[in-house]
Amino acid sequence: MNVRPLQDRVLVKALEQKETEKGGIIIPDTAKEKPMEGKIIAVGNGKLSENGKRLPLEVKKGNKVIFGKYAGTEIKVDGEELLLMREDDIQGIID
Amino acid sequence: MNVRPLQDRVLVKALEQKETEKGGIIIPDTAKEKPMEGKIIAVGNGKLSENGKRLPLEVKKGNKVIFGKYAGTEIKVDGEELLLMREDDIQGIID
Amino acid sequence: MNVRPLQDRVLVKALEQKETEKGGIIIPDTAKEKPMEGKIIAVGNGKLSENGKRLPLEVKKGNKVIFGKYAGTEIKVDGEELLLMREDDIQGIID
Amino acid sequence: MNVRPLQDRVLVKALEQKETEKGGIIIPDTAKEKPMEGKIIAVGNGKLSENGKRLPLEVKKGNKVIFGKYAGTEIKVDGEELLLMREDDIQGIID
Amino acid sequence: MNVRPLQDRVLVKALEQKETEKGGIIIPDTAKEKPMEGKIIAVGNGKLSENGKRLPLEVKKGNKVIFGKYAGTEIKVDGEELLLMREDDIQGIID
Amino acid sequence: MNVRPLQDRVLVKALEQKETEKGGIIIPDTAKEKPMEGKIIAVGNGKLSENGKRLPLEVKKGNKVIFGKYAGTEIKVDGEELLLMREDDIQGIID
Amino acid sequence: MNVRPLQDRVLVKALEQKETEKGGIIIPDTAKEKPMEGKIIAVGNGKLSENGKRLPLEVKKGNKVIFGKYAGTEIKVDGEELLLMREDDIQGIID
């Protein structure tokens, strides 16, 4: 069973935060707005511009990303908890 | 009797949520904004852009979709309860 | 005596709601925002786009339509109560 | 002495409401937002679009129009009370 | 000493209101938002549109104009009190 | 040490107000929003329009300008207090 | 481990403020909104315009910049505290 995000939306699997990972990315406790890490499961086709062209997304399936803690809507697909959000809620890609 | 949604609106039949469906999509109780499942009954012709062109919708009649719980306006057509909403209220398509 | 709506406005005659019509459209009592039925009496020429072209309306004179309960401004023309509203307040056309 | 409205503005002379005119337009007492009748005295040249073209007004001098009760700014020209408002405050033309 | 307004701004000298001038323009005491009369002292070059073209102003130096009572910023140039405001605050030109 | 303003921003050195300068510009005590005088120290390259072109600023380095009292952000460059603000906060140029 | 900012975002390393640096930039204690200094670690590819073109950023990797104190989201990359913010939060470049 599959969920295809619409327009400029993406489907994200939130990753558990390893509080003490060495050499990795750790969100400080004092962060003003706590960002989270996740993995892109699926991306939409992009918004339609006023000229009728799709504006493609910058993130790709498989990207590890950073997004705001309160971004998106939770859904459960085949028992797995996922998040549907707009690409603009994604702040960066982790390589 | 038929209802044709105007512009970028769609007509949706909400589907009953199966709380314990295995291998399916289940909305968790703890969801921040509870999304729902539905089926597209009819779609509008799309918004008119500033250049006078219709911007076609991405969803099609028959698509199974996810939308926000408070989206749309309830109407009753031939005894059937339906929802009229904008395509932007639809977050994803379920295959 | 005639009223021509300006720009993207339409003139609508609200129809009385038949609470128990069979096989017709009935607005449920529990509707979040109660939509109403009406008939398009007259339509404007459409808004002028930034390029100076009129963007024609999708609804036509004679269309039976669904619109939000609080849409528009009431006027009385030759003793008949009518509503002046924007086309965007019209949610669908009933065939 | 003359007042030329600027851009998309119009100069309107409000007409006295005949409460019981037969076969005419009467604003019901129960109207949510009471519209008024008036006569267009002068019209602006229209707004300048982003492309540098004037977007001409749809109303003309002499048109009898309907507008919202709280629209516009009152001025007195040669002892006559007039209203300066934007064309968008005009909802329809009465023929 | 000279002040050149920037973009779509104009420099205005407010005129004293003659409360009882006959055949002239008198602002009624009961006006919702009291407009004022003034004379255009200088005009800006106009805003830059998205295409990089200046959108010229409709008012010219020397025009007698009507503007809202609370429009603009007061400055004193060579002892004379003037107002710097946007052209959109100017509602009409008096001939 | 140099600060280059970004996009449509400018760097301004506020000038001390000479309360009683004769034949100059004096801000009246009763001004609704007290404007200030300053000198442009540096200007940005301008905003990027939707078409990818820079929209050049109207003010130039060295211009004596008028700006709103609460405009901009204070910074100290080589001991000198300066203000970083958007060009739109500049209301006029003094010659 | 690397973080690539998306669209018009940048990754910034905040610099410690030297309160008494001579001939440098010192943010006065009385500043209305305290700006900070930082160094650009990475920049996004720019926003996609309505025409489908990327609008490149004005700041480059390595630039020393000024930004608002409350701008951005804190993240920790390989033990280093960084800020993810939009380019519009950057007010100027320090040479």
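To keep things simple, chains are lettered A, B, C, D, E, F and G as they appear, and every chain counts its residues starting from 1.
Keep this in mind: a contact is a pair of C-beta atoms (placed from the backbone, for glycine too) under 8 Å apart; a residue touches a chain by one contact, two chains touch by 3 or more.
Note that the structure is a prediction, hence the values are computed from the model and not measured.
Peer 1: So which chains are sitting against chain B and chain F at once?
Peer 2: none
Peer 1: Rounded to a whole Å, what is the gap between the Cα centroids of chain F and chain G?
Peer 2: Roughly 23 Å separates the two chain centres.
Peer 1: Need the CA-centroid distance for the pair chain E / chain G, whole Å please.
Peer 2: About 41 Å, centre to centre.
Peer 1: Quick check on chain C: which residues sit in contact with 2+ other chains?
Peer 2: Residue numbers touching two or more other chains: 50-51.
Peer 1: What order results when the ring of chains is traversed from chain A, passing next through chain G?
Peer 2: Starting at chain A and heading to chain G first, the ring runs A, G, F, E, D, C, B.
Peer 1: Spell out the part of chain D that touches chain E in their complex, as residue ranges.
Peer 2: Chain D reaches chain E through residues 1-7, 9, 11, 45, 48, 50-52, 70, 73-79, 81, 84.
Peer 1: Show me the residue ranges of chain D that touch chain C in the complex, using the header's touch definition.
Peer 2: Against chain C, the touching part of chain D is residues 22-28, 30-33, 35, 49-51, 53, 55-56, 58-59, 66, 68, 87-88, 90-95.
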